[in-house]
């Protein structure tokens, strides 16, 4: 039997990383000094930064919601889940870099496509990592005190929220190849969809 | 009946975001190298940065105090509250951007008004988001173990501390339209007022 | 009777602020690109930054140790302690600014004295805020479940570690007026002294 | 008998510092504006930054894993462990600086060796601090509720994961003296090795 730990510190460390990554995004929002003379125009001209900001915010928020529901279901954690979770955190800490790049490159014909695709690849990696954490949890029944009965099909509900994200990111990246600007909006709506779906109370899990 | 969770991780994640947003504000305080020769004057010349710093610090501190008291009252959290809380966090993570802009623009005739109004709009949004979290909590009696009896009128006391803030921010933004510098001070005093009112022990909640 | 809360979230929020402020200090350490050709010399030339870094690290670490011991003694928190604690956090979040300024100004005859005095004033303010938190705790016997008996003189032991710091900071600031470089070292040793004294197991508190 | 505390706040503060340090690393990833015209090449040209990023990420993740397992074993903490733990945190908060320096200096004949050795010295210091925390825990049997019986040889398992790291860092630093680029890869693999070894369930600790 493998060694088990309480999930407390993994939750605390993950919450710290999510909270910091989501808050660091704001450091890339700024208006150059020479646009102060017409500040409303200067603020408006930063729209690619805002789109990148809210898309990454929504993505990390969605990942946090899944993480929250998945870990609320677990009573213990094993070494495999801890390590795969670190891969997820690696992707989340990396996300501010492609976010910044995309904000830099939107409105720039040459760079836009590469930046959006690079951003999309990072999101795709995060959805794969999230699914891998979920699979590792589903694969060890002893992580749930009730013996992994998956009462109310909780794990199935979570899986149904995560897994389609992988396909959607592949699809949106195809769209981004053709039209990068549309691709960014697709990434934004995928994140919103995850936020809407993951904590939905319908299905067999709808019990107190 | 909708699904409920412990409030633990939402509190931890929110505390992380509040703590980081409040601490990142310091990154925008600095004295240019060429003002080192007369450093006291250089330090004093940064007053708009300090005013923006303490106003945003007091605002986030006030939001945290409300959040603290509201979540201390709750025993569980539902999906609606979790999601509206994310909107509040979005506003808080965004706040360092208008703070920085305002510090940049104070002392600059052209930009001052736009920067202060943009800052005020962000504060108004945060007070609306806070009120929305409060309403969502008040609307689900099952979040409180006692069945939502609101013993001691705790929710009413918290509501009385939050709701007037919305009107005050509208008012202060009117003032900022006429005189931006006075508007900033108004925002500062609204934040102080929230800090003074929210944790006041008077009223029906004044029990141990 | 005033309203009481669990100390949990105030500890979590404070720990967040302490952890972030102590970690942000590293952002001001860097070697200019043009010193890469002789990097060991370039690294060595940054000594004022390192001294500022470890002094601020030791200061925040010392404040955290006091905070840790004081809150370990408390069972509840009241509104007054929460608010005074926010003043302490305001000072701690501000500290990276004078730290950066001092690192910039050491080795600069004109600016050194002002920067060190400004830094010292921030440290003095933090020791005053810490003492104010301690007094507010000592003043409300109902914050300790045992009825504030101060078993083992725990509050006295903590007070004896904090209060002398105020005098020492005044003294060190006098030294900094005469010789700024010596003043910085004095601030460093005051922080070390706090770290050594606060968690000392001697005195009446030396029980398990 | 020396005074004991719950490990809660030391874990929370350490988790905060680990989470922030690991997330701040991303701030040093960026592509210069003038490389936007050929962005894929610009992204690829940043490989030294990515190598430095993942090496430092893996190192901090490994330290966190050891910390997690060691503190899960402890029921209490004493002043000595708290203080030595602060030394470990000092090293971790410092790590982003040599990481940045190494990313700057890779590809630069003059600076590469110095930067990699400076980085390696910081990693060596972290492995020494980690071993010192472990020794301080092993030296006070009263930190474990069971009276320090070290059931299952938990402390021995942790020690076997940490101690060889010291020798490996010395070795890798020797390699870095000869060939800095190979040295960086050695640091990366040492971190991976720690991640693989520390939470291994084999040995006497392999019980639930």
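Quick notes on this structure:
Order as written gives the chain letters A, B, C and D; numbering starts at 1 within each chain.
We adopt the following convention: contacts are C-beta pairs under 8 Å (C-beta built on N, C-alpha and C of every residue); 3 or more make two chains touch, one makes a residue touch a chain.
Only a predicted model underlies this, so the values are computations on that prediction, with no experimental measurement involved.
Fitting subunit A to subunit B on C-alpha positions gives a rotation angle of 90 degrees, to the nearest 5.
As for how the two copies subunit C and subunit D face one another, under half of their interface residue numbers coincide. Centre-to-centre spacing of subunit C and subunit D amounts to 26 Å, using the average Cα coordinate of each chain. Centre-to-centre separation between subunit A and subunit C, using Cα means, comes to 36 Å.
Among the residues of subunit B, those in touch with two or more other chains are 12, 16, 19-20, 24, 27. Partner subunit B is touched in their complex by these residues of subunit A: 11-12, 15-16, 18-20, 22-27, 29-31, 33, 36-40, 43, 53-54, 57, 61, 64-65, 68-69, 71-72, 195, 199-201, 205-208. Across the complex, subunit C is touched by residues 1-6, 9-10, 12-13, 16-17, 19-21, 24, 27, 78-79, 82-83, 86, 89-90, 93-97, 100-101, 104-105, 108, 110-111, 114-115, 118, 142 of subunit D.
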